[in-house]
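After this come two complexes, each holding chain A, first together with chain B and then together with chain C.
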Partner chain A sequence: MTEVVATNETILVVGGGISGLTAAIEAAETGKQVVLVEKRPYLGGRVTQLYKYFPKLCFPTCGLEINQRRARQNPNITVLTLAEVTDISGDKGNYKATVRISPRYVNDNCTACGDCAKAVEAEFDDEYNYGLSRRKGAYLPYRMAQPSRYVLDPRIIGTPDADKAKAACKVDAIDLDMQPQDLSFPCGAVIWATGWQPYDAARIQPYGYDRFPNVITSVEFERMADPNGPYAGRIVRPSDGREAKKVAFIQCAGSRDRNHLLHCSRICCMASLKQATYVSDAYKDAADVTVYYIDLRAIDRFEDFYNKVRAIPQVKYVKSKPASIVADKDGNPVVHGVDTEGYNRYAERFDLVVLAIGMEPAVPKDGFPVPIVVNREGFIEAAPENGGIFAAGGASDALDVNRAVQHATGAALRAIQVVNSVRGMEV
Partner chain B sequence: MGDLNQAMIEKYRTNFLKEVEANVEEGEWVKMCMQCGVCSGSCPLGKFWDHPPQELFMMIRAGKRDEVLSSDSMWMCTSCYNCVVRCPRELPITHIMHGLAHYAKRLGLVPESQPTAAFAQMFWDNLMQKGRVNELKLGLKLYFMNGFGDGIKVALKHQKIGMGMLKTGRMSPMEAFGGHAVKDLKGFQSMIKKAQELEDQRIAEHGA
Partner chain C sequence: MAAEKKLAGYICTGCGIGERLNVEQMRTIATREGKLGACKTHPMLCGAEGVQMIRDDIAAGEATHVMIGACSRRSKMEAFSFPDAAMSRANLREGVLWLRPDTEEQKETTQEMADDYIRMACAEVRFMTVPSASGEQELNKTLLVVGGGVTGMTAALEAARAGYPVHLVAEENHLGGVWTDLYKRVPFRAAAADVVGSKDIDLPQPEDPGVDALAERIRANERITVHLNARITRTSGAPGRFSADISTESGGTVTENVGAIVQASDFKPYDASNLPEFAYGKSPDVVTNFELERLAKDANGGPIRRPSDGKEVTSVAFIQCAGQRSDKPGHLPYCSGFCCTESIKQAMYFREQNGADATVLFDDLRTPGAAGEDFYRSGQQAQVTFSKGKASEVVSENGTLKVHFKDLILNEDTAMDCDLVVLATGQVPNTGPDPYAQLAVEEAETEEEKDAARRKLENAPPSILNLDYRQGTDLPQLKHGFVDSHFICFPYETRRTGIYAAGPCRRPMDMKQAMEDAVGAALKAIQSAENAGRGAAVHPRVGDLSYPQFRKEGCTQCKRCTVECPFGAINEDEQRYPLFNESRCRRCGTCMGACPVRVISFENYSIDTVGQQIKNVDMPDEFSEKPRILALACENDAYPALDMAAQAAQMGDGIELTPFARVIPVRCLGSVSLSWITDALNTGYDGIVLMGCRRDDDYQCHFVRGSAMAAERLSKVGDTLQQMQLETERVAVYEVAITDIQRAPQLINDMAATIEKVGMNPFKM
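For the complex of A and B:
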């Protein structure tokens, strides 16, 4: 059984993505006690699913590894994975949190050897790859997962696969009798860092994401480009696996649209420019990329990156939000619209269309455990009414990793001020 | 009408957008357009427009008064509402198109022999006579809109539909002689007269 030792000087961090991880580490490194609650079986959140960062085109694994180590080595942090906050009650400086931990069915004897995965036959859509590939019913969520322990999918429990997994384990790490566990503990402040999720592309009806296999989202394309991803880093068409050299990027897929997300998601322009380099790197002169945009938003220092990508001759820009995508008889997506520079009607055939999908806040609007101020876009406002609950990163606004980390550090400081005042009251 | 046009030119000399906002139905939405182009790309008749809606909005902002008001474009709108449901800013584009057409009509700037405008006038005149549309007369007039020979051709083409309608009692040949009116034709006419007065008054206030 997992146990948590906490007081009302403890800071609860909800969400173990880059924002929550940062907030937890920053607070813990000042000596505060932190409980970090993560829904997934591992830390790192959506950053783990990125291939490269913009604007430096470096690999997220690098910084992530440093943060994972900082978290692991700090005795002030208690990490709960597969855990969700089900209730928070009380007031600033004196909350009581309830957390439900789902069973992993694997204890900390696990050496991540992978024998259980070999033994199990059942396969499921791999959520780490946004369903672009399959994984076993016993699995390591991804190769750098922390904690580095396998997970049994609850869908195999009670089937012969579960017994096979247990029989295959040489270190007695599999415990099929694990039960969900509810934990309650006090905390003085809460950092809400539940991040974002990609907007449901199928709801943008004219783009046919649900109808055409060669129309994918930017988050899926990121997995595709990753050499460790479902396509081993090859830029291809999901329909037939052929090379996708002629690629369209459609900006504002869901964002800045009163029918979908009200806000500008801020990251998508840069993400598409970054992803355009994946195509031009892969196919050099044979690459043929078109970015369809309303306006390209390269804020402050990103202007340099924009100019750099702008100089790639294989990348074209069309000022237009496409009206619709249809598939021709060979299954090629054809993008239709009218451009704004000359009002020319176009119908352009592509191998692959990537929708620069918007960021939808992962904040439960109606089911939030305590009263909280949520703005019309669905993000948590920095409001005094929120008491000792502070949003960090993507739960507060559409932010890139850099700004999310800055924001999370700020949230940590606010939480530290609350628990310091608790101590002040006690003295 | 020419006077009204002159008065409006004087009043809004430097700002056609303001003129549209004040005088065109739903015209206050024009400034909300962010020039994404989804409306133009979504229009099923778009390729027949000289200036798609997105371009019209930009032309309004650019003060291209003559080009916009004497344009054929807004008359091409068939009210399919594809643009309205897709517009990311929720502009009532269909209504703005009809508003622009109506305003151009009021100012006497509709292009000669614009068929939609001609049909609209035909429909209105027909309706005013008896308070209801005389479909037989309207249909015949429409057939012969482009001359006698053309009219015969169109009529022959639709002969089968016409005969079917006659047989099932959906159309009476007697309608060609006068046709029947609404119950209270006088009341209908005075209602229209009052509406016209109110409209004239509204225009006079804006136009002054």
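For the complex of A and C:
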């Protein structure tokens, strides 16, 4: 059974992505007690699924390695994975949180040796790869997953596979009798860092995401480009595995759109510029990339990166929000629309279309277990009515990683202000 | 510290170690060659029972130094955590078993690899000491915030609200800084209410700037001491014991002791006299976005009048990106990030107060996020005209202004008349001189170079902090004069420990972001002061109590350490010996790597903890056909890549590592001492592979310059090899990323192939 030792000087951080992880670490390194609750079986959230970061084109796992080490070494942090906050009651400085922990069926004896995965036969869509590949019913979500413990998919419990996994484990790490557990503990302040999720691309009907295999989202493309991902880093067409050299990026797919998300998702322009480099790196002169955009929002210093990508002759820019995508008889997506610079109609055939998909809050507006001020898009606003509950990162707005981390660091201070006042701290 | 060293080894036999390796032989090696007092084995060392066994031995005084032969140091970190003991870990599982095929013919070389890792871990731990703070650390919870603008005020107020006293220093005679003249600010929030019948019903409107209210709260806060008309004329010390001279215009100076510093020096408005094409300076009716705020403030809700003749403005044009996003001389190459929403706000003044036509000429309208996009809608709802166009010239004719521009939608050159033109100009960082430009003057070897270096500083701005650091007076700059460091994962990974930049001196930003940034920087300053009080390092080696120790008698005053430290932690004393400031130190070991006479060390990381590992490898003779390859791998990127290669191999993807490799993780390639390289070559290593991280403008080294410094030093290894009459291919330096799971082992295997080609090292000992 998991136990949590907490007081009303404890800070609860909800969400273990880059924002929650940052908030937890920064508060803990300032000497505060933190309980970090994460829904997935591992920490790191969506940045773990990115191949590279803009604008440095460096690898998210590099910074993650440091953050994981900081979190693991810090005795002030208690991490609960596969856990969700179901209730928060009380007031600023004196909350009671209830958390439901789902069974992992693997205890901390696990050495991540992989014997259970080898023994199990059942396979499921791999959510880490947005379903672009399959994984076993006993799995390590990805290589750097922390905690570095395997997970048993609940769908194999009660099947012979579960017994095979248990039999294969030499260190008695598999506990098929694990039950969901509800935990309640006090805390003084709450940092809400539940982040974002990609907008459902199938709802953008004219783009045919659900009809054409060669229309994919930017988050899927990120997995595709990763050499350690489901396509071993080859930029290809999902329909037939052929090289995808002629690639369209459609900006504001779901964003800045009255039919979908009203807001600008901020990151998509930069993400598409970054992803354009994946194509040009892979195919050099043979690459042929078009970015369809309304405004290219390479804000502040990111302009340098825009200039860098603009210098790649294989990448063109068309100011247009495409009207529709159809597939020709060979399954090639054809993008239709009007170029607003000069009002020319176009119908351009591509190997692959990548939708720069919008970010929406991961928690729906009515999904919070506590009253909280959100705007019409469901992002949490900084408001005195929120008491000792503070948003961090993507739960507060569509943010890039840098701004999410910046915001989360500030959220740590706001939570510390509350718990210090509980303590009556006089300096 | 316990006076008597008790060396104890623990070898795990789980995860296949017991099945594939001769554990008894490793135990013997650990006690005989490794000189451990005892070496126990356990079938599952990381389990509760195994860990308890080690804990009991430590508690009983049976083990002060612990050698663990099990998995990678990155695995089971939580289980193998013994703060009271020195610890080394022999990586038998990932480092040996998983990267080696389980075949009969490979058994011998695989076992030799494991044996060597035991020898190395024993040697390492013998030379380690449990770090303890020096006792010189001080706890000072007072912060210094430099800059009286919105950024600085927010940092001060938020730190004070957490209980920390603050000295707030403003250059002006009032609080507010560059934000003082704001009439209204761009709203911080998005619309709250849902769309009703496809109509936005509560779009955010320009709001009170809040600057006066903020200043009032500062004045009312008893934890905050405000110093007006003041500059910092000297800063010395280190986190926990900074001392700052605050000098006022009237000539008085007070010295305050503070624990940490926030630099919130904001920005300077761009000098629009660089924009003659837009008639700035020729017509008083061409104003910048900053000047327009003053006009709006004077109008105080009534119609805004144009400066030339006081006429109410009936039409106004906003030229976006004026002097920005441009590579012309005198222009800013970057986007200032705040001017699009700023112009929308100002255009709305004219719609509301004058009923005037307001046109925004833009290339890309950049209003990100929910609040940004809603404010754009707000401008549209107020019937501001947004026109995608690029202005080329403004001409003043008979009291009207004509703006010539290219309409990018219609693709034609056109012009519009208006009463007033507002240039959306950018933010120029208000920062001090580049410290590395200052250092370059001193470091220049010839008079010519010195002159060139001096010229670079000719138009340098005055210092903000006046640090008395060996490495210059101010925070290092990243690009375009902004003071920053790493800007993705760690926006507050400062290069001057204990000093955190916030707001537009760090990167261009709007008020909302500057205020958020100030809160983050305040937290980091508080954290730095608290950790300095414990003698503990901050990011990335958080909590490390070791610090550089220095044997003065051996020092030749060569200054390499004081020049190369990426964090400017080392000053020089009057006799030009290095003066370490431990709480400025981030424990990367670059100074240790830089020192040619090996007098710098850390208790838990030293010339010996690595050098003895190198020496203790069993060296087969020249005719054995068993070369030895030393791989020094950055512990943050290359070493994890090798671990993950092992994971991949274990799950069957065919990666192998040559059994001749001996891999040692290093804190940073910058910490690598050339003596390790020459010693290795002298004792018979056939090849050496050094793996650090990327070091160009997009550097990934979290010790900032460590990898670059190492590359520079190692470029001279070729001379050593030539002197020894060895082939230069025997030493290879690579940039390796954490994702190089295939490549990292391949680079080492390539060295094995190179050795096959060039032959064994004749200097076998």
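Rule of thumb we're sticking to: the second predicted complex is superposed on the first by the 423 of 427 C-alpha atoms of A that agree within 3 Å, B and C clash if a C-alpha of one lies under 4 Å from a C-alpha of the other, contacts with A are read in each partner's own complex, and residues count from 1 in each chain.
Throughout what follows, a contact is a pair of C-beta atoms (placed from the backbone, for glycine too) under 8 Å apart; a residue touches a chain by one contact, two chains touch by 3 or more.
Computed from a predicted model, the values in this text were never measured in an experiment.
Engineer: Between chain B and chain C, whom does A:C113 touch in the aligned arrangement: first, second, both, or neither?
Structural biologist: Second partner only, chain C.
Engineer: Please indicate which partner A:T340 is in contact with in the superposed arrangement: first for chain B, second for chain C, both, or neither.
Structural biologist: A:T340 sits against chain B and chain C alike.
Engineer: Scan A:S102 for contacts with chain B and chain C and give back first, second, both or neither.
Structural biologist: It touches nothing on chain B or chain C.
Engineer: In the superposed arrangement, which partner chain does A:Y53 touch: chain B (first), chain C (second), both, or neither?
Structural biologist: The answer is second: A:Y53 touches chain C but not chain B.
Engineer: Is A:R258 in contact with chain B, with chain C, with both, or with neither (first, second, both, neither)?
Structural biologist: Both partners, chain B and chain C.
Engineer: Counting residues of chain A in contact, which comes out ahead: chain B or chain C?
Structural biologist: The partner that reaches more residues of chain A in the superposed model: C.
Engineer: Of the two partner chains, chain B (first) and chain C (second), which one does A:S133 touch, if any: first, second, both, or neither?
Structural biologist: neither
Engineer: Intersection of chain A residues contacting chain B with those contacting chain C?
Structural biologist: Shared contact residues on chain A: 256, 258, 340, 343.
Engineer: Where on chain C is chain A touching in the complex?
Structural biologist: Within the complex, chain C touches chain A at residues 14-16, 44, 46-47, 71, 75-78, 81, 141, 158-159, 161-165, 188-195, 198, 223, 325, 333-337, 364-374, 377, 388, 408-411, 479-480, 482, 487-492, 507-509, 513, 516-520, 522-524, 526-527, 530-531, 538-540, 542-543, 636-637, 640, 644, 647-648, 650-651, 693-694, 698, 700, 702, 737-739, 741-742.
Engineer: Please give the residue numbers of chain A that touch chain C in the complex, ascending.
Structural biologist: Residues of chain A touching chain C: 18, 26, 29-31, 53, 55-67, 69-70, 72-74, 109, 111-114, 117-118, 143-144, 148, 170-171, 226-228, 256, 258, 262-264, 266, 295-304, 307, 319, 340-343, 373, 375-377, 379, 381-382, 397-399, 401-403, 405-410, 412-414, 416-417, 420-421, 425-427.
Engineer: Enumerate the contact residues on chain A facing chain B in the complex.
Structural biologist: 206, 252, 256-260, 294, 320-324, 336-340, 343, 345
Engineer: Which part of chain B faces chain A closely enough to touch in the complex?
Structural biologist: Residues 34-42, 46-47, 51-52, 54-55, 85-86, 88-90.
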